[in-house]
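Handing you a structure now.
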Amino acid sequence: MFKANAKKWFSIICAGTLMAGLLAGCGGEKKPATSGTIKIGANLEMTGGNATFGKSASNGAKLALKEVNEKGGVLGGRKLELVVADNKSEAAEAANAMQKLATQDKVVAAIAPIASSSVMAGAAVNQSAKILAISPTASNPAVTVDPATNKVRDFLFRATFIDPFQGSVMASFATADLKAKTAAIYVDNSSDYAKGLAKFFRAGFEKQGGKIVIEEAYLQKDTDFKATLTKMKASNPDVIFVPGYYQEVGMIVKQARELGLTVPILGADGWDSAKLPEIAGASALNNTYFSNHYSPDDNSPAVKKFVEAYKKEYNEMPDAFAALSYDATMMIVNAITKANSTDTVKIKDEMAKTKDFPGVSGSITLNETHDAVKSAVIIEMKDGKQVFNKKVNP
Amino acid sequence: MQALRKQDLLLLGLAVVFYAIVQGLLMADIIGPFWELNIVLVGINIILAASLNLINGFTGQFSIGHAGFMAVGAYVGAVMTVKFSLPFIVALAGGAVAAGILGFLIGLPTLRLSGDYLAIATLGLGEIIRITILNIPYVGGASGFMGIPRLADFTWVFFLTIFTLFFIKNLIRSSHGRACISIRENEIAAETMGIDTTRYKVLAFTIGASFAGLAGTLFSHYFYIAHPASFTFMRSFDILTMVVLGGLGSMTGAVTGAVLLTFISAALASYPEWRMVIYSISLIILMLYRPQGLLGDKEISLSIIKRLTGGDSRAEN
Amino acid sequence: MDASSFLHQLVQQLINGISLGSIYALVALGYTMVYGIIKLINFAHGDIYMLGAYAGFFATTILKLSFLPALVFAMVVAAVAGIIIERLAYRPLRNAPRIAVLITAIGVSLLLEYGMMLFVTPQPRTFPAVFSATVYNFGGLIVNSQQVLILVTAVFLMVTLTYIVQKTMVGKAMRAVSYDMDAARLMGIDVDKVISYTFALGSALAAAAGVLVGVYYNSIDPLMGIMPGLKAFVAAVLGGIGILPGAMLGGVLLGVVEAMVSGFFSSTFRDAAAFAILIIILLFRPSGLLGKNIREKV
Amino acid sequence: MLKTNKLSIMFGGLRAVSNLNLDIKKGQLVGLIGPNGAGKTTAFNLLTGVYQPTEGEVMFDGKNTRGLKPFQVTQLGMARTFQNIRLFANLTVLDNVKIAYHFHVKYSVAEAVFRLGRYFSEEAEIEEKAIELLKIFGLEGKKDELAKNLPYGEQRRLEIARALATKPKLLLLDEPAAGMNPQETHDLMNLIRWIRDKFDLTILLIEHDMGLVMGVCEHIYVLEYGSLIAEGTPEEIKQNPRVIEAYLGEEVS
């Protein structure tokens, strides 16, 4: 009897202590410090369905800050620290995580989530806490422009181009370069990035006189696509557009080729990963094209240096998430340096002025709607290698 | 019977005092926005856990599709405020009623199943609801329903949580509640005592579902967004875990479970890589030590507190 | 769509469905076996499948084993993991309410997923092509040799398991434990050992599935077990949980339904249709397709 | 009061009860006996609506019960106990009895939740009646104990008390003396007679204890392999050669 009670009391006391400890952590002062470490937040998908992307992005951001710190930090030697908060790949949790970064950790700026919906869920927090958030990858137009009011959200930025641009680039490529008259779309239904691309690809393709003969959808973590691909094959498209991420795309391409679908398959920056040829197989990937921010064959010193440093640090090839997150972090550092202060509003103002910033993913200029304006490249896969095909300017 | 009324009033009074203290701390900015958010989340989770407890803990029907009803409330409420500009209170009622109606329609056929079969059926229904929402462009589909105004605040959540708790407590402590409990205890005996077991199973399921809907409406109107990813079966598991951890069939247990898990989750937010590992290990350890939940089916009542503070050290078991 | 092309589509979708279904069946077999003995919905089963896939991956990449030794290695690793999990997390709860064990199983599942993520990062790994796939084309109908292999393996394992459960001593002990644990103990059966054995067997099966699927789809990641785990559970219940041929039947049926829905209706409603079929079948046959409807004795 | 006409049920190909004709008059105390597996409990399940008969019908108090669910049969005024006690084990003795009053309760769910109207008065009334009933069965001192913690004999008594709380006209007792010692059985006999008079009941009981059956019942039916092989007064049954062969003979040897 004593034992049972002891256990019970042990649990109760543990719970009580935990809560007391938590409540004690509430509150605190608000003045911006003028010395010591500067905290930069990262509201990322560390668990849940998009953990793969969140992990890459946090790696990219950490690498960026490490490099800056090794060079002596900012604002006269102050070091930077990355505080990662997990949004569990859920929009509501993203608001929660952004709130924590803003008010508990008192970050001066933050990397916003990968997924557009999560960025938007946290946007209200950014606006009210007056802390900027820059998403490495969220490409839905509504991320920076509130669709309800059509006003730009002052504290939201992105380091990537937006869906309409990329979608129309691929649509033009399909009609002009590949001479496609009909197309199939196979969209990742769990990602608004992919859905946005699908929408703008369709619009662009139809505008050029093409016809979308079939549109189907899959979900992330699906592994078997043969049923839908069989259906697609029956409608005989000239090209297939697969906006989505490399893990599923790899399997889709592999299974499509197995089923005898030999037509060109097109995609976008979500394809960019060294894993893609491993999953799909080098030969299956022949005759596939995707748009991207940069090409790793790019001989620019920035890209080379980044790829090497990343490989040294994490023992793997960086993907687009890592590269864009690295750029976003560097843009924050740049804005802090230019503002010469940790005043979050000043940092935001400087961020908005970003022009010709030399990023790994190309030269970045933010336009009046806070979207990165940069050129896209189209990459062709040949025997498992990315080959530069053409460059498209905005 | 007068004693019952007196006890209710006392509890209500305590709730108001608690509200006043927390609200005061919020207004004085001693509790910052992050903890305010988590306090609100605790309230929403209490509503979810208490309503699932009515189905699982009291009526003994093994349901793991609660997130689906929460989703219905979240979306229906959002449609009402965003698309039809209806007042929040109407949206709350609408979310609860819509989820309740769905719960009724789903419960009627499926509650014939029992045990694990009912569990997988409810899990499946929860997923069907989510996938259906995912395919309705009108509410944003996979991108989620955005631009929901933040109409819920601590006050709304607090008083609706209290309302939920009183509602379920009063139901349980009535003949109708006893009818529900008798189904859990022994369905055949309940039936031979003249209790229409189907009716009470469906009743508990419907009431549970409508409170989940209420919680959903609060949720979407606090977080600005309703997103299908927030309502997967993992959310249902989370709610179930709160209920079981606190103690199936204990009102105060459901509250304890919801408070504890929400705060553990919030406290671990700073250790993203380790968060789920620590969370899962604590879950396993807690279950190994207290398989019947922290409170079993006991209640923390005023009399126990009195006894503890009164220096009487007799343990209750 | 004209008749011959429709027929062609139908047959190809049937092939797709059976191939997908045999994967579900492979995972469902272990699921249903563990359930049959201790009535536990082992939510961690899908994660053991993931663990097996990773064990196979490391066996081929780091230990440089060929396919069969790697498969055996993965099965052994998973069997040991299964025994450890049962010993540490489930055995102490043998007399606890079933729902407590279920919550523990959810905890174990999360621990495996996110513990694995700590070790191997969430990035997907690509499984080396340990045996090559040949694609056969029968007048436009396409079958991959790996699909055939998976189906054959599933059928083989189903038959072997049924043999083990029906004919061997340990199988008889399993059935005795399943029927009445206390009576089995009184008959001198070492119940703990039998349950350990069941977990080992079930986990080894999951690992075999993990390796085969890893090779087939070529990509593995720490969360890969969630959906197959859930689908396998659905398949097991569909066929009648606890019944080995039921898992096979349920798995294949589920696969075919998904393929047909994707192929002739809309892929977005594929999972919803899978669950809807499950619920409809349960309403008419509350114990699954092959399950016996046991009337509670009054 | 209760009349069955060619009542039969098939399980698979097996006729568990076949062409059973019972005729029980108001106020009678009737026994149903037979060897193990004769179909006695199955007959009870048919009477109470747990099973639906394959053929034949049950007329209770002038109404045909075909298609009625067990709870509806109970609401017509037929209550029962179980061979393997089915109490609400984790609830208190008092709550067990209160639950049986449930279908007489008139207040609605809304009244319960908002504690309005008839809630308080009816709850008070239920409590009072339940305690009264417990007093009769000598259980009022244990009203706050959990049913599962009662000794076996008291659990049996509680189950009868609970059945009575539904205010039945006909009470079916399934082996009420099972597991009791002779003293307890003797007390039970007196109790059964007494409640029959006090509550103006008709009672049908299944029993293995011949002493109890012969001592308390006024009329006895004997089942074997699902069929009725004899009926009559205790004296007649004792003399009936078929009964002796089928049932009593087995006990003697």
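Note that the chains are named A, B, C and D in the order they appear, and that numbering of residues resets to 1 at the start of each chain.
By definition in this document, contacts are C-beta pairs under 8 Å (C-beta built on N, C-alpha and C of every residue); 3 or more make two chains touch, one makes a residue touch a chain.
This structure is a prediction, so every number in the text was calculated from the model and none was measured.
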item: Centrality ranking, top chain (CA atoms only); value: B
item: Centroid-based (C-alpha) most distant chain relative to chain D; value: A
item: Inter-centroid spacing, chain C versus chain B (mean Cα positions, whole Å); value: 32
item: Distance from the mean Cα position of chain D to that of chain C, given in whole angstrom; value: 48
item: Distance from chain B to chain A - Cα centre to Cα centre, in angstrom; value: 34
item: Inter-chain centre distance, chain A versus chain D - centres from mean C-alpha coordinates, in Å; value: 70
item: Multi-partner residues of chain B (at least 2 other chains); value: 134, 188, 273, 275-276
item: Two or more partner chains touched - positions in chain C; value: 114, 117, 268, 271, 298
item: Sites on chain A at which at least two other chains make contact; value: 47, 49, 189
item: Sites on chain A touched by chain C in the complex; value: 47, 49, 51-52, 54-56, 189, 216-219, 221-224, 226-228, 230-231, 234, 247, 250-251, 254, 258-260, 275, 278-281, 316
item: Residues on chain D engaged by chain B in the complex (per definition of touch); value: 48, 50, 69-71, 74-75, 79-80, 82, 86-91, 95, 98-103, 105, 107, 109, 112-115, 119-120, 122-124, 126, 162, 166
item: Parts of chain A lying in touch with chain B, wherever the complex brings them together; value: 1, 4-5, 7-8, 11-12, 15, 18-19, 21-23, 25-28, 44, 46-49, 83-86, 89-93, 95-97, 99-100, 102-105, 116-117, 120-121, 123-125, 129, 140, 142, 146-148, 189-192, 195
item: Touching residues on chain B, where the partner in the complex is chain C; value: 56, 62, 109-110, 112-114, 116-117, 119-121, 123-125, 127-128, 131-132, 134-135, 188, 233, 237, 240-241, 244-245, 248, 273-277, 279-281, 283-284, 287-288, 291-293
item: Footprint of chain B on chain C - complex, ascending; value: 35, 39, 41, 89, 92-93, 96-97, 99-104, 106-111, 113-115, 117-118, 230, 233-234, 237, 241, 268-269, 271-272, 275-276, 278-279, 282-283, 286-288, 296, 298
